[in-house]
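Right after this note come the structures.
Same chain, two partners: chain A is paired with chain B first, then with chain C.
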Partner chain A sequence: MSIRVEQIQKRFGDFTALDDINLDVQEGQLVGLLGPSGSGKTTLLRIIAGLEKADQGKVLFHGKDVTNLDVRKRKVGFVFQQYALFRHLTVADNVAFGLRMLPRKERPARSAIRQRVNELLDLVQLGHLAGRYPAQLSGGQKQRVALARALALKPDVLLLDEPFGALDAKVRKELRRWLRHLHEQISVTSIFVTHDQEEAMEVSDQVVVMSQGRIEQMASPLTVYEQPASRFVFDFLGHINALKGHYDGRSWQAGNAQLRLTTEGACPDGELTLYLRPHEADLSKTPSDSANLPVKLGARSVFGGTVTLELEALGWPAEVMEVELSRDAWQALNAQPGDTLFVHPRQLQTVTCDGNLGPRVTPA
Partner chain B sequence: MPLLRTQHSVLPGFTLSFALSVLFICLVILVPLSGLAIHVSQMSWAQYWGVITDPRSLASFRVTLLAAAGASGINAVVGLLLAWVITRYRFPGRRLMDALVDLPFALPTAVAGLTLSALFAANGWLGQWFEAIGISVAYTPLGIMIAMSFTSLPFVVRAVQPVLEDLTPDVEEAAATLGATPMATFTRVILAQLMPALLTGTALAFTRSLGEYGAVIFIAGNMPFETEILSLLVNIRLDEFDYAAASALASVILIASLVLLFGIQLVQSRLTRRWKGH
Partner chain C sequence: MHERPRHWHQWLLIMAAFAAVAILLVMPLALIFTEAFSQGWAMVQQNLTNPDMLGAIKLTLIVALITVPVNLLFGILLAWCVTRYEFRGRKLLSTLIDIPFAMSPVVAGLCYLVVYGAQSVVGNWFSGMGVQLMFALPGMVMVTVFVTCPYVARVLIPLMESQGQHEEEAAIILGASGWQAFWYVTLPKIRWALLYGVVLTNARAVGEFGAVSVVSGLIRGQTLTLPLLVQMWNQDYNTVGAFTAAGLLAAMALVTLLLKTVLEWATQHNTDNATEQKTEQDTP
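Our next item is the complex of A and B:
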């Protein structure tokens, strides 16, 4: 079932939580609402669920206006951040709760309920824990019970609020793969909220990046990363290094650092800020004709296939920079902490005077 | 499992604090209790049986039990309501209301009894309205019930309140997304989780009511066979220097209370142990 959100407005006192939100979710998609805390993503999710009322605007499910439909009748499955399991009921009874709440005419027979519960518990691979109480489960298990419970009534729409927020890193990773997989199996239109960029990128068909009650961009994960619609999106997706300096028409300078490049993005007074993504630069022990950015090698963190290096600017003003090298490149560099190195950006993002994104540039 | 399992704690002094607790329990509770047991043990079974099956005693058991049951029933409902209002809503005077709940504990029970009997007497502020619709409160079992529910109300409120505060709103929202009506959410989700605390509070209120003396005797009328409560009968036997009979009667209240308290403890711990995941 497709979801459409039109011109949603929501205020809490003086605080504007959502400002003119429009959103279209195609049937069967898995959409991630991504944003920092306070960006309004959870409020939007709750409005779609019917747990919160918008001040203005409409919510449509499959073209039908459900704005004023009670949460009980919306047929949404909702997974809460802290799971919200019924602690006085067993796992099986938790999952069966929704079925038992159906009006008598629609309620399946006891045996049918039991069978459906078993199916769901098998789906989330928890059949062996049917008789346990929530307090006897691990975080990941609770999460899966909450999901099974939300799916019991075959909802038209599945909504998940920070579904992996309270889990440790390893379980998170497993569960989100599993959620992706599960979604392929049951393909119910789903929206989940997260503040974790990696999570949104890995799980979603479409990512909706939100900031201060507005949607900054909605696109596929690849597009959001490669063609960010705004400075906020660029900034929010992964770490960036901001380099502030002056541009004289041929080269960018800050202190004794220099980059040769051509762009039209600079301010009239010659100020130019460049964003550098950590993986879009190389390091060497000598400067080149096009780039002279001297840095001192600080802490390094070796994890997986990449090595993350902290670099302190030498003789020019900049925050501590972060550059990622492949393990091979790091070994070939053969550098020690304290060594002087030079950064060679492969690609940079210019920031215009009014704070928007300018053209991409390459030093040459 | 070892008899005493002491976990390593950053605060020392388990041995001392444990010994002091045991000493205090002995001095204040167990020694007086054994005094009672000694008195009772001086009687033969036949004598004991004779005292407690005496028609006047049986009548007083009946009055006491029924009134205490009624009072606990009222308190279970009213106490839950009070706890609900205090924890769920924010209104001016909430703190005052919260503090007033403890008043029955603070007030000397005799004062409470006098006040209640003045209020509910046939010509009292409240009693006249009841009298107008043909209900006598003072000097009837109804009056006993009201006095008992006054003194034991805090037990229910204070037992339920912390559990109610711990219930998070998302659980109720979860019930709503699963199609539960407000009524079903209340009974199947909230009340179900409150049950152990509510049972405990009500049982405490009940045992307190069984032994209540001060607040009740002023409003009861104290007619033998009709409005004479057990504690009063114990007192009457004491005035007659019939210590054995007094002890025998007291032992009945005591045993009833102990059985009830242990029973509740058992049910409560069984329920909450599973919920808490032990």
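Our next item is the complex of A and C:
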């Protein structure tokens, strides 16, 4: 079932939580609402669910206006960040709750309910815990019970509010892969809220980046990363190094640091900020004709296949930079903390004078 | 965490606390029973079967039996409004609940006498209908309800605030009506606290003296509750009788105390589960 949101507006007192939100979610997609806290993503999710009422605008499910339809009749499944399991009921009774609340005429027989609960618990791989109480489960298990409970009534739409927010890193990773997999199995149109970039990129078909009650960009994870629509999106997706300096039409300078580049008229001359992603640079022990960015090697952290280095600018004003090298490149460099090194950006993002994103440039 | 006392002056402080409790609380309580039984079991039995005593017991129970359900409903309603809705005057409402705590019961009794007495407009209207409010059971129930109304709400509000309403929202999304959400989700969550509130309300309702004495009119055999009877018999120099009635009240208090301890333990146990749910380590 497709979801369409039209010109949604929501205020809490003087605070504008959502400002003219338009959103289209295709049937069967898994969409991630990504943004920092206070960006309005949870409010939007709750409005789609019907838990909150918008001041203006419409919500449509499959072309049908549900803006004023009661929560109970929207056929949505909802998963809360803090699980919200019924603490006095067993896992099986939690999952059965929705079925038991059905009016007598629609309610399946006891045996049918039991069977459906077993199916769902098998789906979330928790059949062996049917008799446990929520307090006896781990966080990951609780969230899977919450998901089974939300699916019990075969919802048209599944909404998840920071579903992995309360879990630790390792469980989070496992659970989101599992969710992705589950979604492929049952393919119910789903929207989930997250503030974790990695999570949004890994799980979603489409990412909706939100900031201050507005949608900054909606696109596939790849597009959002490679062609960010705004400075905010670029900034928010992963760590960046901001290099502030001055451009004279041929080269960029800050203190004794220098980069030779063409900005294609983005900023003919004057102040110019360059964004550098940590993995889009190399390091060497000598400067080149096009790039002279001297740095002192600080702390390093080795994790998996990449080595993350902290670099302190030498003789030019910049905050501590972060550069990621492959393990091989790091070993080839053969550097010690305290050594002087030179950063060679492969690609940089320009920020134009009016604060928008300019072209991507390469020093040459 | 608590530390074990190590120095003599710390022990001295603890001894002083025990001594104070013994002298101020335990001894008078023990004396009540000693006095009540001072002239033998037969006398106690005679006092217990005295028509005045039986009437007082009955009246006390009737007042409590009406007061407790009324305040149970009232308390849930208030706690629900204050913790579930955001509205203008929410803080004010929450403060007003405490009026009976802050006000002397005698003053409350007097207020009711002025508002609902035979000379007042309201009282007049009721006596026209053939209902006497003051110096009769209705008035006594009214002031007892007034005096005991904060207990249930005060126990529920902090609990319901800390529990939040995600579970209720989950229930609603799963198709539960407002009533079903309350019955199947909210009520089980607050049951121990609710019982605790009931026990406190009941204890206070049974023991209330000040407000009730003002509006009861102290009519022998008609409007005397147990606390009023204690006072009456004491003035009549029926010391043993007074102490027997007092002993009865004290026994009820001890039962209440026991129930309260058990319920506190149960509530504590329940919240422990809830916090465990939040803080425990996450494993897949």
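Brief remarks on what is shown
Please note the rule applied: the second predicted complex is superposed on the first by the 358 of 364 C-alpha atoms of A that agree within 3 Å, B and C clash if a C-alpha of one lies under 4 Å from a C-alpha of the other, contacts with A are read in each partner's own complex, and residues count from 1 in each chain.
Keep this in mind: contacts are C-beta pairs under 8 Å (C-beta built on N, C-alpha and C of every residue); 3 or more make two chains touch, one makes a residue touch a chain.
Please read these numbers as outputs of a predicted model, since none were measured by experiment.
When the two complexes are overlaid on chain A, chain B and chain C occupy overlapping space and clash. When the shared chain is aligned, chain C comes close enough to touch A:Val171, but chain B does not. In the superposed pair of complexes, A:Gly140 makes contact with chain C only, with no contact to chain B. Using the contact criterion defined above for the overlaid structures, shared-chain residue A:Ser301 touches neither chain B nor chain C, since it reaches no partner.
After overlaying the two complexes on the shared chain, residue contacts for A:Val71 are found with chain B and with chain C alike. When both complexes are overlaid on chain A, the residue A:Ala84 reaches chain B and chain C alike. Touch criterion met: A:Leu153 reaches chain B and chain C at once.
Counted by residues of chain A touched, the larger count belongs to C, out of chain B and chain C.
On chain A, the patch touched by chain B and the patch touched by chain C overlap at residues 49, 51, 71-72, 76-78, 80, 82, 84-88, 97-98, 101-102, 133-135, 149-150, 152-153.
Here chain C touches chain A in the complex through residues 164, 166-167, 169-177, 180, 184-185, 188-189, 273-274, 276-278, 280-284, going by the rule given at the top.
The touching residues of chain A, counted against chain C in their complex, run 49, 51, 71-72, 76-78, 80, 82-88, 97-98, 101-102, 133-135, 138-142, 146, 149-150, 152-153, 166-168, 170-171, 174-175. Those residues of chain B that touch chain A in the complex are listed here as 168, 170-171, 173-181, 184, 188-189, 192-193, 271, 274-277.
Interface residues of chain A, counted against chain B in their complex, comprise 49, 51, 71-73, 76-78, 80-82, 84-89, 97-98, 101-102, 133-136, 149-150, 152-153.
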